[in-house]
Amino acid sequence: MTSALELVNLRKSFGQTEIIRGVDLSIPKGERHAIIGPNGAGKSTLFNLITGRFPQTAGVVELNGQDLAGKAPYEINRLGLSRSFQITNIFPMMTVFENVRCSLLWSRGYKYSFWNLVARSNDLTEAADAILEQINLTARRELPAGVLSYAEQRALEIGITIAGGANVIMLDEPTAGMSHSETDYIVELIRKVTENKTLVMVEHDMGVVFGLADRISVLVYGEIIATGAPEEVRANPRVQEAYLGAAMEAH
Amino acid sequence: MSNASTNSRILFGQPVSVLLPWIIAAIILLILPVFLGSRSQLTILSQMGITIVFALAYNMLLGQGGMLSFGHAVYMGLGSFMCLHVMNATWFGALPLPLLPLIGGFFGLIFAFIIGSFSTRKAGTVFAMISLGIGELFAALVLIVTVFFGGEEGISGYRDEGLPFFGIEFISNLEVYYLISIWMFVAVVLMYLFSRTPVGRMANAVRDNPERAEFLGYSARWVRFASFTVSGFFCGVAGGLSAILFEIATETDLNVTASGAILLITFLGGVGFFWGPIIGAIVFTLLATVLGLQTHLWELYLGVVFVGVVMFFPAGLSGIIMSHVPALKTGKLGTLVMPYITCVLPGVIGGLGIAALVEMSFHVRSGAADEHEMTLFWIDFSTHNVLPWVVPLVIAVVGVGLAVRNAPAFKAAWDNASTLPEAA
Amino acid sequence: MDLFFVNIIDGLVFGLLLFMLSSGLTLIFSMMGVLNFAHASFYMLGAYFAYQISTVIGLGFIGGLIVAPIIVGVAGAAIERYGLRRVHQYGHVPELIFTFGLALLVQEVVKFFWGQNQIAYFEPEWLNFALFSIGQNTIEAYKVFMILISMLIFGGLLYILTKTRIGMIIQAALTYPKTVEALGHNVPMVFMGVFGVGTALAGVAGVIAGPALGTFPGMAFTLGSIVFVTIVVGGLGSLRGALAASLLIGWITTFAAAYNFEFRTILLAFGLEEPANIWDSGLRDLWTLTLPQIGPILPYILMVAILVFRPHGLMGKREV
């Protein structure tokens, strides 16, 4: 069986500096996978390489067995991969409902059509409302997304990411900048909406990582130094050294 | 919304409340000539209709797609020139005139398709600069390619040489008014519906956040390209209507000044609401024709108003109107009447006082030496007396002074009326 | 050959004039991210103020050359402080629209004070003589004066940008605008200063170009779009690019206007036959086309081509 996501010797350089230095990773379908690592390890760059935001310098990214080289973000999305962003990335001037409805359009086959009226499509309205219900924003349906609270915008960001029904979901620091109660709410939300899907996430909060992930990869200076179940990774001496070492250097 | 329709009346599959503004608009268009039936009034109304179509087409880019074009008159102008060439063609006699705007629209679409194929690659500054370059290019081409554009005289034709349409030959201004009104109504409905389609909705999304839209499966470039092409079609329709009304097209129809004017009109009306540019087109046409007859300085006033709107009310006239909605919802709109009278009214009167002083200075400077009689606000006076200078000066100082003094009270009343009480 | 050298000089004069505008515009763009549509309006104000100071008040040409740019710079700084900074919060598109509206307003204000027609602003008597001649073409002293003033200003600009502290900050802002944003309190002042100096430079250009190119209400829009073209072609944010593009466009337009090359020569060379009655032919525009006719549109063709094929411009590091 092919894995959901397969990275082979993936590399990325910016000028002289190699940020991603040969990453090999295989994530099977249905797994919840977390990527952790110290600041500047290249986690966000890795995300951007997988989702087509940057072209890779060398190596292969495969989604469900299909090579993604040279594909634009929208083409990758159409193949069933959807992502969220570290910095909230929504449509601020549109209503919450419209944010979600726009996220549904492509996957429901509306494409670039100008002969359908979106308000006439009950399936769209119902699906969008169902997602609002799921992310607990039904009461905010008609507000412009830009006025929501930070936690609500993060929830909406996840709603937008999952709306298209992609089977590989990538979340970039979904709980960044959140309080404890907000984090708990988002973790429950992620658990709920990624049921039966492949989840790849970058996260700093170890509570979230160990609570959600089936497997964890540790990225240090552009290389994966360990991959495995949470307990294995926690016990790995190289991981402990990397984290402690980084902590020492920072002081 | 589907759940709102359950208890209201249904007409053509739509709740009456949704159709009501359209029905009212249609009735107004139908009966307007009863009140404004003179030749010149009908021409102004027809021109207003054309400007509405053009402004809404422009706002498909600026307001809905976030694309700032400095050369959009090109598509309307080319549509207009194409239609005039059709009017001069031998087979025009076989074409009913009401179909002519469709030809304009077709060519507007073709040109937008060609130019949009490379100009919509990026939004923002690149798009704006390419549009400016294209605008300048075509304005210069008009004077070079004289076979097509007719040089400085332009191209003219006769609308009544077309095939009579159910016996109508479109000789009278009234017939032309109705033809333009019907086309405008249809075009406005179609543009409104376009904004409700998947690609119309995604235009909003791409405007707000092109990168996010790409991660939802849409190519931002394709969405922009689609909006641009459709906008080109409606610009071409407006051009066709203009060809019918004026029976001439010249360089001034597609130069950069014409493109600037439509930007001004659209922004003045407000880009945030679908109907904003309609307000802009109506107000601008009235200002240009009515105020333009009264004073040589109307463009100066327009410039002041425009810069003021960009600085203080970037949502335009429609934004100002819609900012009263919260007060309406809280039921406290009535509490704003007094603040309006004590603050906004003196401000407006003071502004008119300043305008009077400006007019008088202009009259003194540019009029002939022995000519000191002038008429302002229906009052005749001599600019060589002192009193006519003192009166507007006092009005200006007192009016603006009152407005400034009462501004805090106005703001307090506004905030109070626009916010719901805490208990709710 | 004589004509060639004359055109080299004329193109240099026009190119340097363009650079005086485009250098300020590109500096402003690099720092604030806004393309100032009204930049050429300050150029126009420079010419009109200089006229008022030198002719009406009677301070002479040098008086206008010194005082007018200062007034223009102060006006520019005030517009940045009270206008642009306010609109900045709404985003880039409203900013661009604001400067566009400003350009319209300045044009109307100029019409109000000085009228619709060209005003009598001329080069001073003491520069109104033939300095030297190339073949049978004389070169006026005023042209050489324009070149000297432009050179002097670049010298000053170059010195400030490379040798002073404030210049270092501006240099840094060209390449790393975000870092300059992080410099703290100074940034708004630096912005206002750069805007003021940029507009003052445009004012200088107006003072010296007014007599040569004519001082009339449409002068801002006539030159303004060419200046835009220049900085886009040169690459936004690149001073060297702005210089290269200014000279390039200066020479292109000058040479295109000077050589009455007819396109029928090319058509005949391809073995095509000229229609007997040219004025009834549908192709008459092609057969009668001359180089001076298409000269004015060459810069726009160049810009569109650059934007489509090389969005960084000739030397820009950032995409537009």
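Which chain is which? They are A, B and C, in the order written, and residues in each are numbered from 1.
One rule holds for everything that comes next: contacts are C-beta pairs under 8 Å (C-beta built on N, C-alpha and C of every residue); 3 or more make two chains touch, one makes a residue touch a chain.
Just so it is clear, the structure is predicted and the values come from calculations on it, not from any experiment.
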Intersection of contact partners for chain A and chain C: B
Remotest chain, chain C as reference, centres from CA atoms: A
Whole-Å gap separating chain A and chain C, where each centre is the average of the chain's CA atoms: 48
For chain A paired with chain B, centre-to-centre distance based on mean C-alpha positions, whole Å: 44
For chain B paired with chain C, centre-to-centre distance based on mean C-alpha positions, whole Å: 32
In the complex with chain A, residue positions of chain B that touch it: 1-2, 193-194, 196-202, 204-205, 207-209, 211-219, 222-223, 226, 230
Chain B residues within the chain C interface of the complex: 62, 66, 68, 70, 118, 121-122, 124-126, 128-130, 132-134, 136-137, 140-141, 144-148, 256, 260, 263-264, 267, 297, 299-300, 302-304, 306-307, 310-311, 314, 358, 362, 366
Sites on chain A touched by chain B in the complex: 51, 72-74, 77-78, 82-83, 85, 89-94, 98, 101-103, 105-107, 110-119, 122, 125, 160, 164
Touch list for chain C against partner chain B, complex: 35, 83, 86-87, 90, 92-94, 96-98, 100-102, 104-105, 107-109, 111-112, 115, 221, 225, 228-229, 232, 236, 282-285, 289, 293-294, 296-297, 300-301, 303-304, 307-308, 311, 319-320
